[in-house]
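Two complexes are shown next, each including chain A; its partner changes from chain B in the first to chain C in the second.
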Partner chain A sequence: MFKAIVSAETLTSALDSVSVLVDECKIHLEEEGLEIRAVDPANVGMVDLSLEAAAFESYEADGGLIGVDLSRLEDIAGMADSGQLIQLELDEETRKLHIQIDGLEYTLALIDPDSIRQEPDIPELDLPARVVLEGKDVNRSVTAADMVSDHIALGVDEGEEFFYVDAEGDTDDVHLELTREDLIDLQVGPAHSLFSLDYLKDMNKAIPGDAEVTLDLGEEFPVKIYFGFAEGLGQVTYMLAPRIQSD
Partner chain B sequence: MEFATFADRAAAIEAEPADLETVARVATLLEDAADGDGGRTVAVVARYVQGRVFPAWTSRTLDIGPSACYEAIARAAGTNVSPDDVEDRLAEVGEIGDVAASYDFGGQRGLSAFAGGDDSANGGGGLTVPEVDEALYELAAAEGSGSQDRKVDLLFGLFNRCSSDEARYLARLVLSEMRIGVGEGTVRNAIGEAFDVPVERVERALQVSNDYGEVARVAREDGREGLDAMTLEVGRPVQAMLAQAGTVTGALEDWDEAGVEWKYDGARVQLHYDPGGVAIDGADATVAADDAGEIRVFSRNMEDVTDALPEVVEFADEHLAEPAILDGEVVAVDDDGEPLPFQEVLKRFRRKHDVAKAREDVAVRPVFFDCLHADGEDLLEEPLTTRHERLEAVLREDSEREPDEVEGLSLLWRTDDPDEIERIDADALEAGHEGLMLKDPDSTYSPGRRGKHWRKRKPDVETLDCVVTGAEWGEGRRATFLGTFELSVRDGDGEKRRSAGSAVEPRNLETVGKVATGITDEKLAELTELLEPHVASEDGTRVELEPAVVFEVGYEEIQTSPTYSSGYALRFPRFVGVRSDKDPADADTVERLERLRG
Partner chain C sequence: MNIEELAGLPPGALEHFRSEGIEELYPPQAEAVEAGATEGENLVAAVPTASGKTMIAALSMLSAIERGGKALYIVPLRALASEKREEFAAYESFGVDVGVTTGNYESTSDWLATKDIVVATSEKVDSLVRNGASWLSELTCVVSDEVHLIDDRNRGPTLEVTLAKLRRLNPDLQTVALSATVGNADEIADWLDAELVDTDWRPIDLQTGVHYGNALNFDDGSTREVPVEGGEKQEAALVRDIVQEGGSSLVFVNSRRNAEAAARRLGQVTGRELTDGERTDLAELAEEIREDSDTETSADLADCVERGSAFHHAGLSSTQRSLVEDAFRDRLLKAISATPTLAAGVNTPARRVIVRDWRRFDPTAGGMAPLDVLEVHQMMGRAGRPGLDPYGEAVLLAKSHDESEELFDRYVWADPESVRSKLAAEPALRTHVLATIASGFARTREGLLEFLEATLYASQSSEPGRLETVTDSVLEYLERNDFVERERDDGPGADGAFTSAADLAASDERTEDLEATSLGHTVSRLYLDPMSAATIVHGLEDADDRPTALGLYQLVSRTPDMYELYLRSGEDETFGELYYEREAELLGDAPSEFEEERFEDWLAALKTGKLLEDWAEEEDEERITERYKIGPGDLRGKVDTAEWLLGAAESLAAEIDSEWTVAVREARARVEHGVGEELLELVSVRGVGRKRARQLYEVGIEEPADLREADKSVVLGALKGKKTAESVLENVGREDPSMDDVEADSAAAAATDSSGDGGAVEPDATATTDDEENQSSLGDF
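Coming up: the complex of A and B.
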């Protein structure tokens, strides 16, 4: 059983943060809220999303699992204006999701969850450095790095106590330093890893400029990027595996 | 089996110049690919060595272009390598396998390396043949918006785990450029050798299943008995049996009787019908459940053309009752049902969108001449006559109906009489079709083979320019037309007696045959108009003509004959056109007939 009413904005934010990595996903309809975990086909980037029941206008679920085509569902949610409410109801018999937006009724065929790629195990990482910054600073870093390279190095200078971004292109380089004053918080630790911008650019698309974003970093370790949405009732965690640095 | 092992073996096979050794190497590879997984790996390997990802019968494709592949390679190749760099290197090296092998992959680590599991997603280690197969199926299944990106992601994920050699063969496999010198015959023989089964049983199994992978799997798991138990499946296309060029004379020499059919100027189709639902390509099950239904139509290349040809679907709906696989042609027809040229049919085959509109422009009509399966029974090994009887039974809804009233049935005549064949030929041409098919009535159906059992009437190699020296008034609706034209050639000696200014004296012309074939009513009207002024005398319906008009005439053979004054007769003469640029003095001679006869 699943029946819920949610604001278009909240639903869209949730879907967008998953669809940057995968086309299809499984959604767990737990009593306490929605949960989605998915990994990209190359097993390099992962998303773990939760949206509490309290983020909904109304929410009833008893632990079901559905598979959805994200771009279809996003298209439907896109039919609503940002202030509008979207009603979702699962028809257990037909395995279809009935969606209502202000008189518009849409019946979405669901995907067999078994046909969707297995959900990832979430690595338990003990990452030594933590950087907390505004979403717009993440956006800025990624955009600047993308101008010169297809990779980005993220690290923390333990001595000088700042967070830095490096991107080396064939001809041009980008370097950005953010000190304690520029950041919301910084826990210093040994951290330097190289990441593919193909992935980070996509993840960045889902990061709101005004969000408080936390980056957990290590040396040659995955980065864990997490932020809240829907007034803190939703939480997105990305994890991205590093590239081995050639030099 | 590790994909690295496959790559090593592929390299050795590629380097092997001798055919027998190649078969032996492929056989060993197939034996070693038996991973205790029910033959799944064997099946994949049997396809991959031929550079095939999917069985021949499926219309599934990777649907990934070279540029997407270059992008995946670039991403796996390391920092700041762009798809353009890959293309530049390709231009230098000339072959995508070498390009892929020239990069150092594996720089991107996988998350599972940090999840406490093995580090299989990192570097070269551990990529297996089934894993590659799984990823390529997933890649093929990706569709809709953003699917090209997903395909690149998947391919990147594979390359990222490849060593140089693995990358070489992965790139070639993905772009259908395997080219390690392994053809279908090699794999067939290798399956026989590897699993100790007779090659002709392998061949038969291949014919019914159209899937080297499945045949290799069954050969390994269940041996010869398993292979013999493989059957056709309604919904899975069979390779079409093909015809070679031939002559009526040749056919009547080789067979007691010839099976004779009209040859349609259409495109080959195979109709699969099962009221209980046809077999469908497994992984497309989500689509197929609503869509596949009872009817599938395939082209000669085994492409699914069901949606492009609604007329054939409607035909099956209307006329078929039991499961069947029928072989036939679709012909394009105009509003009066008259056949249109082949190009018009092709337009319909290629049509993906606006089929209804295309159908208004050019309608098609199916005609079936063979039946490979009827009501649960495979008929490949039955003689043509039996298959045709089954075809008739399948198509005939009303047992009272004469064969020529059964819709969609191409008639099969059995005869040893050349005149009868000539009459059938004339009717076929009259109806606007191409000519004749000659078939051995006792022959079985051999998929994919171009053999001597089916022959299409050879097109005219040489034509003759003959003077029209006589004709007959027609009968019935053709009463006002001249037809059955008497043809003559010049007697070379007579040329010397030719007087200046005149054409040729009638006595210098010798008859060689009559042509009544290959002429439409419209054309007859034109010819009558052209010839009537030259009528010299009439005797009943017979007309003698002054030599004035030259016909270009095709024929099958030149024979000696007492019937005509030249001493020769044209076998199966056929009207090609009027040579308005030639005078009787330019017509061919008896000497040329002698030379052509050889």
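Coming up: the complex of A and C.
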């Protein structure tokens, strides 16, 4: 059983943060809310999303699992204005999702969850450094780096205690330093890793500018990116594997 | 009736009861005494929960002991055994000894012979009978608690046969059967030649009803307003309402997960109603729970408890369970959400009982099925605690007007079902007929039939001759599989080739001697369904080459003792393919594809067997549960059952002199630990599970002896944590296990960091690769 009413804004934020990595995903319809975990086919980026029942106008579920084509569901959700409500209801018999937006009824055929990529185990990593900053600073870093390079280095200077972003292009370079004053919080630790901008750009799209974003970093280790949406009732964790630096 | 009027109890018993505050017997108790409970008369007491059934049992047992006898109290659940022991332990003050026995099916527990009262589960009593415990013949009084469970498909037949056997062992035995109010208590009384006390008297008024919208409608037509605020669940509103009044509530749900989720939500309600003193006490209680174990369940439970709510299900440790039950009885906890295990007798009354889920997943129905009336009434009976609550309320929840009406019809107005014997079901009869022969209870076919005539099944069966027909076909089955030998007293026609009709008729009256073979004895002792044993024996006999693990797993999955996974749509193809790939490994005669049903069962067993193989090949627990769409508890259940069946298979293999005993033992050990063959030695070290064993193996530590000699930095590198490494080394008996000043060996750490497919990215390997390959994968970490 699954029946929920949710604002279009909340639903699209949730879907967007997953669709930047995968086209199809499994959605766990738990009693306490929705849960999605997915990893991209190359096993480089992972997402773990939860959206509490309280983020919905109304929510009823008893622990089912459905598989959805994200782009189609996003298209439908895109039909609603941001303030509008979307009603979702699962028909267990036909395995279809009925979606209603102000009189518009749409029936979405679901995908057999078995045919979707396995959900990942989120690796337990001990990452020594933590940077907490505003979403718009993430955006600024990524956009700037993208102008010169395909990669971006994220790191923490332990001595001077600042977080830095480096991008080296063939001719031009970008460097950005954010000190404690610019950041919301900083836990200093040995951290320097290089990441693919392709992935980071996509993840950045899903990060709201006013969100408080936490980055956990290590040396040549994956980065964990956390942020909340829907007034903190939704939580997204991304994990991105580093590029191995050869010298 | 005043307790002063009671005669025939041991000296000191009356003082004890008085010190408990008992002066006057409840009407059902008085009725039981009048019916001869204290004079050794058989008695069936069908009275509501919490109306003093235990007192009836106590009076019967104590008077039997005073007459120089010995009493047995049969409980349906282990949890109840300890509760009863605590209750009866107080009798030791006036010289009555109490012993409890629940586990270990193979012992005869001779130490119990010296006890006056023995508390045991029905399975334990059955096995005591099978193993011939001599003190059983000294019993003069047996109490069967919750005797209506005879209706239970799985455990009922055991209770029924056990009672019949005890009564046959001791013809003068006093039988006292305690039952919930059921539809046909008179039939049970007839069966046991017992007096009947059948009443719905309760010490406190119980109102039952249905909550719908903002109103609680009761069976007597009265209503109470319990408004549901926006976004709030019905049960939350009902809990808040009664907590504000000073009462507590018990919420019944249909699964463990739901119990946990409900407790978390109810905590938001109860948390607001606590006093500062209660908060401090609860924080202490939460701390005690956290200390008891460091599992996620215990952390979740502690979090709930801090806010005055708790969940209760079979997944809790016994310490946690009793902490929760005690705190609830003390009214410190305001609400418990529980699975129906709590309804089965454990004494935790609440002012308001809320039956939230009245449907539950039933695998035999293939979906959600409504609960029995009896079960719901048992839950409802938990409402109202004498002395503390002015009344009790039991509430079902309806989401619509129609559902409200349905609930009234289905549960509130309805009478509980009748208890029907389930003995005639073939697996039950097979098992019990063999046990009856093996334990020497019946040595002839006639003796067997005579014994079976003494069961509830015979007294309920309206079809004459049916029991005989079924018994004969079971006997034939047991003989065909070499579990029993039948020797016919040769009738007149048996020596000639010519048989007349008269001879055939006469042969109906033949006497036939029955004896269990040595294999039959083993099967009975192992507590196996004979059909499971036959399947295993045939499979092992059929194996020409050493059977593979998958072959053995599929074999035990085919037995009726293993509840196999069923095939989902489309899976017949998947597993059909697997079948053709690995056909040669499977043991026994495979059905052809044209025998559709048998073939499907065969594939379903293959699926279960494959699940066990995946587990024994060290697949991740999570990946398995995902692949087979089962819960972690189900995986555990399958593994435990397989372990037990393979253990039994090993005994059977030895019994039939099969050469594959070692193969079976190895397959069992692999499934027990969930590891490949090469890790079996390592997992025998305490503290080393399947994952750690693999990590050690990867760095070249292949057996426990290696752990004693290996470089500590390598061990640390493989096991990561210093504490873990130290305790493992200590368990393996290394002289100096300390890990102080030891640095993890980086090569060892790296070797075990890989995701198993050799995907560890070594820095020098990537030096010359192109851009694409510089990207590492998350599996590398």
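Heads up, the rule we're going with is that the second predicted complex is superposed on the first by the 247 of 247 C-alpha atoms of A that agree within 3 Å, B and C clash if a C-alpha of one lies under 4 Å from a C-alpha of the other, contacts with A are read in each partner's own complex, and residues count from 1 in each chain.
Methods note: contacts are C-beta pairs under 8 Å (C-beta built on N, C-alpha and C of every residue); 3 or more make two chains touch, one makes a residue touch a chain.
Keep in mind it's a predicted model, so treat the numbers as computed, not measured.
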{"item": "Touched partner set for A:Ile244, first chain B, second chain C, both or neither", "value": "both"}
{"item": "Which of chain B and chain C A:Ser149 touches, first, second, both or neither", "value": "first"}
{"item": "First (chain B), second (chain C), both or neither touched by A:Glu119", "value": "second"}
{"item": "First, second, both or neither for A:Gly232, with chain B first and chain C second", "value": "neither"}
{"item": "First, second, both or neither for A:Ser196, with chain B first and chain C second", "value": "both"}
{"item": "Partner chain(s) touched by A:Pro41 [first = chain B, second = chain C, both, neither]", "value": "first"}
{"item": "First (chain B), second (chain C), both or neither touched by A:Gly209", "value": "neither"}
{"item": "Touched partner set for A:Glu32, first chain B, second chain C, both or neither", "value": "second"}
{"item": "Which of chain B and chain C A:Gly169 touches, first, second, both or neither", "value": "first"}
{"item": "Interface residues of chain A shared between complexes with chain B and chain C", "value": "39, 42-46, 120-121, 123, 125, 196, 221-222, 239, 241-244, 246"}
{"item": "Partner chain C, residues of chain A touching it in the complex", "value": "31-32, 39, 42-46, 58, 62-63, 118-121, 123, 125, 196, 221-222, 239, 241-246"}
{"item": "Of all residues in chain C, those that touch chain A in their complex", "value": "231, 257-258, 261, 264, 620, 622-623, 626, 761, 763, 766-769, 774-781"}
{"item": "Chain A partner contacts - residues on chain B that touch it in the complex", "value": "75, 78-80, 82, 106-117, 121, 135, 138, 142, 144-147, 150, 153-154, 156-157, 160, 286"}
{"item": "Parts of chain A lying in touch with chain B, wherever the complex brings them together", "value": "23, 39-46, 69, 71, 111-112, 115, 117, 120-125, 149-151, 168-170, 194, 196, 198, 221-222, 239-244, 246"}
